[in-house]
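For reference, the structures are reproduced in the following blocks.
Across the two complexes that follow, chain A remains constant while its partner is chain B and subsequently chain C.
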Partner chain A sequence: MVGFLIRRTGQAIFVLFLVTLATLLLVHLFPGGPVRAMLGERATPSQIAYYNKLYGFDQPLYVQYLKWVNQLIHGNLGFSNHLNQSVTSLIAQCLPRTVVLVLLGTIVSLLFGIPLGVYQAVHRNSASDYALTAISFLGYSTPTFFLGIILVDWFSVDVHIFPPFAPQGTTVLSILGDPKALVLPVFTYAFLLYALWSRYMRSSVLDNLVQDYVRTARAKGASERRVIWVHVFRNSLISIVTLLGLSIPGLVGGAILIEVVFNYPGMGLAFYSAALNVDYEVLLGFTVLATVATIIGNLAADIGYAVLDPRVRY
Partner chain B sequence: MFRNRRQSRIARTAVAGAAALLALGIAACSSSSSSSSPSSSTSPSASATASASTTPTGTVSPGGTATVALPAGVTLSYIFPFVPAASANEYNTLGFQELMYRPLYYFGGNNNSVAINYPLSTADAPVYTDGGKTVTITMKSWKWSNGESVDASDLVFWLNMMQAEKANYYGYVPGLIPDNLASYSATGPDTVVLHLKSAVSSIWFTYNQLAELTPMPEAWDIASAGGKAGSGGCTTDTAKDKWAKCTAVYNYLSGLAKNANGYVSSPTWGVVDGPWKLSKFSTDGYVTLVPNADYSGAPKPELASVELVPYTDDTTEYTGLKTGSVDVGYIPPADLAPVSGSQVLPTTNPLGSAYNLAPFYTYGIQYYLINFHNPKTGPIFSQLYVRQALQEVMDQKGMIKAIDNGYGYPTSGAIPQEPTSQWIPTIQSENGGQGPYAFSVANATALLTGHGWSEVGGVMTCEKPGTAATECGASIAKGAKMSFTMDYATGITAFQDEVADYKSDAGQAGIQINVVPQSFNTIIGETTPCAVGPKCSWDMLNFGGWGYNGPGFEPTGEPLFATGAGSNSGSYSDSTEDKLIDETHTSSSLSVFAQYATYTDQQLPFIWTPNAYAVQAVSSKLANVTFNPLGDFTPEYWYFTK
Partner chain C sequence: MALEAQAIAASDAELGVAPSSSQRGMLRRAGEVFVENRLAMVGLGFIVFIVLFCFVGPHIYVTNQVDTDLDNSLCGPSAQHLFGCNELGYDQLGRLMIGGQTSLEVGLAAALVSVVVGTLYGAISGFAGGFVDSVMMRIVDAGLSLPSLMVIMILSVIFHPTPTVIIFIIAVFYWFGVARLVRGETLALRNREYVQAVKVIGGRPLRSVLRHIVPNAIGTIIVQATFAVADSILTLSVLGFLTLGVAPPSTDWGSMLSGGLTYIQGANYWWLIYPPGVLIILTCISFNFIGDALRDAFETRLQRR
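Coming up: the complex of A and B.
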């Protein structure tokens, strides 16, 4: 396992190098250059030249990259010239919101999606299976922003049950301190994921139910409850673990549409805004974070396999 | 006040995305809010004279917090009025800094005017002598909140800072202030005298040069934290040390301005001379301002505080209005019923009686650019008759009706049509406000055929090359086609529809326009003026327009139409135009200005496109809110009613 972790860390650094280099290159591909895009149409040639020098865009690309890496090594993710704050403080401001939304949404969706997926598989082709399948398809096919807007219209504008906007705090505690305001965004986020988990779980359980080990367990007299929840359930979780691992980047990537609908500026919106404003240090900082999260997510999934499946060894 | 973050996309965004430019201060005409029944009702005053304000009704109820929606996606980010280009936008300047730090001269106000507003300014009217070569400015001796006087040395401090840090001031243009000053000095506690290198128009110099100055308190003249007021030495600095003291002060202040989390607690930024001071500032967009008890001007704020609230997009902002969580906001265009004729506001108020509505015009013009330096199509654009034809196939009124639902007005020339001002030449009122070249496909066709073009395969083709009156014109070869590519900015549906409409109408006159959607950044990248050559290949760029709301307020043409001007991206060049522009800098005669404006309107350096306006919503409990076309934000005039 230790060797595996060392190998994966090496790979991660290489991936990080490629991704950040690509991001830096992309910034330079803005028509007219990054400063022109940043300052807008009124920028004069002398202003463009001045800011190119000020931000170091007049230096060779490798120098720019090395300077940025040096800055990164010293724990400095950069400074947003558009927002006038450090990238670290921007992340500190946005990340708690996104983490709360994504984490709560994922937990809620798992709480419903996994047991109902198992239930559907066990009662396949029943009326309840069809009904739950219909709900899942609704979850899949309903655009997130549309669902959010509808919920806001019904529950906030029409009947005033829930606030229209997510909590506006910037710390986890202050966000959790306004649970009523979390209901609609979390539900919206969870609804799509519920569809995902339940469909995967249903499919995975169905696959396992026809395996030899299930037949053996039943032949040995194991109860149906034991067969499902002890034997089938654990094996069926393997595919879910993969998906869960891959969803970790969502913790830093954000859920931009939900952030927009519920006026909840998190990581997704911040990144989108940085791209629009050519806020290159924010772009680079967020890219690093998202890349690291992706790598950790994959690593977590790999470790999860080993835990769930004794045949897997690294 | 608040327009789009991209300053060039002025009114376009006012309608589409950020339309609402904050509801912050916005101007008025007469009065007229649409009173409506609880569900929705008829506005009795939805007419062309509808005011951009909410009529004061009821008695003043002092105190209260007015919550104001920031435009979608906008957050305030820079407090220091000496703004670098990277932080320059009207949200930071007009909508934030000027509430706390009043400029030397304030333009607009809580009204519909775009003229200078002396009562809101920190100095009396400048006096021009010596044939326009000497300007005497007398400060009003207002007080900073720390007790200092807003005096002559505060203005010298700013001028010295400009000398030292030209590159770091967004409004600096080589050759203009401070380069055009031979010398300046404080000749008394409240008097500053500027000696200019050459005589100037008093109007131009006041509106487009003095407008850039903001007195700074002595408390800011420091080069380190805790420094004694004036210890930085910038106020008394000279060119002898290459303005080193001012540079040190600038470095300190700009560094301080980069610590947004420290704005409220900073003793430096706490010294204000405007009607408001900062109470809360969050980099995620939430900003609260409270009255400055020591404000010397009038009126004094009635509200206890003003709270700015950020929104992620138009829909969430509108939800804020529907749920009553904001007092001042904007209605997204998609939620407005069409208006027709002289109507300015919708007959039915979509928000019911809880809000009054008001139009918000932007003091700007809309256009698309044509590239005179394109080696292939530049010679075609150089022909005035071609530009006239391109303008005459622009159905501005039709677009406004069909696409903007009636919430717009034509751009008829270089001077904004709204609000009425002394600058608008009579030529712009021709043809029902369409200017000299009204929509007429027949006229456009006749212009082209009358100059040697014939339709071949549906596209006008030059059949008679040459320079005679009935020939195509210089450098246009036989067989040249009236076929152009228009790059337009994506993301705004109304804009896209206008481009499609234009393509269709132009096609009827045999002008083929191939429209290419591009990201805003791509378009901006193309707007750099280029020398004639194969790389200078764009034909038409369509992305918005220009706002005359700072740093200059007189709509003279030097930034747009003068040869070599920074935003003259299509490289239009005309010696008469240049001469007329120069004359507006040296003559204060309105007839001279009218000559410039009329000539520009006739020459069509750009092709004008429709202007759209936003519809603002103001809580019916909040009175005296106006929406000035410059984008001023003056909540000191607002009050809640009993």
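Coming up: the complex of A and C.
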């Protein structure tokens, strides 16, 4: 187990190295270099040269890389000249709001996706299984933003039940204090994730139902309910843990679209305006943060998997 | 010496011909299972319809998608404009056709590029094994932990993409997942006798990969390619919605939706929002139906759903 932990963490660190290198190279992809992106189209060559020297973009790549990593280790993600604010403070401002959205959406989707996935597997090929499968396919094929738009069209424009905007409060408490405004964004987010969990849960339960331990449990006289909800359910849940770790990039991407549609002032909306303003410090800072979160999430999921499933011993 | 040459010729014949004939058998069997799946046939029918709609349609329902016509800005459906007009007076039905051309072309091409690259990468990595495999897979891990939508947005900002560039921007992220799947498949295949035999008779590794491993993993690859088309169309529509997609005068279904969103409040301009959105959903759902049926047909086990 200790050997596995060390090896797995070593892999994660190597992946971190590759990812930070990739983001640094991304800076240099900007037309005319990062300084040109910052100063704008009409910057003179001498201005560009000055700022290149100031920010160290004229130094060899490995020096730039070491500086960049050193910055990151000290929690400095850069400074947005466009917003006149450090990227870290922007994150401190926006992250809690996005976390609220992502957590609520994920929890709601799990609450529906897991039980319904089990139900589908137990009643496979029944009419309700087909109906729920159709809903999951719809979830896979609907663009997040389109679902958001039609929900706004139906519930805010046609019938004034919910406001078309997400809560505009700045603190977590004020956001949670406006539950009516949270309904549409959270539902949109949850619907698209629901498809993922329910499909996965369904096939996972189906796989487990034919295992020997299920036959053993039945042979011992365990009730069908006990077989499903105690034996099969717990074993199927393990694989969801891995899936949760793997889906962090998707969760982040989904949050961007929800925040843009519902004008929710979180990380996604800030990232989107940075993209429109070519504010590359914000773009890269946010990307690095999301990537590190993913790598840590994957690591945690793998370790969690090894802890939860005694058959997995690396 | 002669005996050896004969043995090589014999094994070559066996290796070269036998797998390809069993290959055909596998494909035919898969085809039979596929045709029995009604949802997949509906999906296939819709794809045929939408391809005709987008590529043949403009020759039958001729509209002007070049010059704006502000007199007809936002006009409702009429005999002249069956689905109304958008804010610049472009006929909406005609625009759905040319937007669909971009969506379909980009979706198919991005899927093709990512599946070809991912397949070769995954097969080589799995076949090489050891240290090479380990490094190659860490690169895939790195790619999969980058938040794809964020980086795709950054790349779009950098390149102000034309449809051709967008194909590569989307494919850059999609191939990682394909590579991981194909590598897993390769690990199972590389120890089979016929792959070992190629090594024994002195066949080059590339031959094993291209002639034996890739054809035997073809089920997984085709299934993955089908899902890739649906996902690429969705990604393109997301970029269009964020106004980071194809630059005007080109358009795609996502960009059309983005334009329509501006007018959602106030008057009910349903024709700006629902037709492109519904087409995106139906096209993606069709590809997903087909992919699902193909997976059943090949009986491959994928992690995706």
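The working rule: the second predicted complex is superposed on the first by the 272 of 314 C-alpha atoms of A that agree within 3 Å, B and C clash if a C-alpha of one lies under 4 Å from a C-alpha of the other, contacts with A are read in each partner's own complex, and residues count from 1 in each chain.
One rule holds in what follows: a residue touches a chain if its C-beta (ideal position, glycine included) is under 8 Å from a C-beta of that chain, and two chains touch if they have at least 3 such contacts.
On a predicted model such as this, the values are computed, not experimentally measured, just so you know.
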Partner chain in contact with A:V15 - chain B first, chain C second, else both or neither: second
Which superposed partner A:L90 touches (first chain B, second chain C, both, neither): first
Touching partner for A:Y264 - first (chain B), second (chain C), both, neither: first
Partner chain(s) touched by A:V278 [first = chain B, second = chain C, both, neither]: both
Touching partner for A:H82 - first (chain B), second (chain C), both, neither: first
Partner chain in contact with A:M201 - chain B first, chain C second, else both or neither: neither
Partner chain in contact with A:I150 - chain B first, chain C second, else both or neither: second
Touching partner for A:L138 - first (chain B), second (chain C), both, neither: second
Contacts of A:T294 with chain B and chain C, given as first, second, both or neither: second
Overlapping contact positions on chain A, where the chain C interface meets the chain B interface: 30-31, 149, 152, 157, 164, 260, 276, 278
List of chain B residues in touch with chain A within their complex: 5-8, 73, 75, 77-78, 85-87, 167, 170, 173-174, 257-258, 260-261, 282-286, 310-313, 315-316, 319-320, 322-323, 325, 520-522, 524-528, 543, 559, 566-567, 569
Chain A residues touching chain B - in the complex, by the definition given at the top: 30-33, 36-47, 50-51, 79, 81-85, 89-90, 93, 149, 152, 156-157, 160, 164-165, 168, 170, 259-265, 269, 273, 276-278
In the complex with chain C, residue positions of chain A that touch it: 11, 14-15, 18-19, 22, 26, 29-31, 136-138, 140-146, 149-150, 152-153, 157, 164, 196, 199-200, 203, 246, 248-249, 252-253, 256-257, 260, 271-272, 275-276, 278, 280, 283-284, 286-287, 290-291, 294-295, 298
Contacting residues of chain C [partner chain A, same complex]: 138-139, 141-142, 144-151, 153-158, 230, 234, 237-238, 241-244, 254, 257, 261, 264-265, 273-274, 277, 280-282, 284-285, 288-289, 305
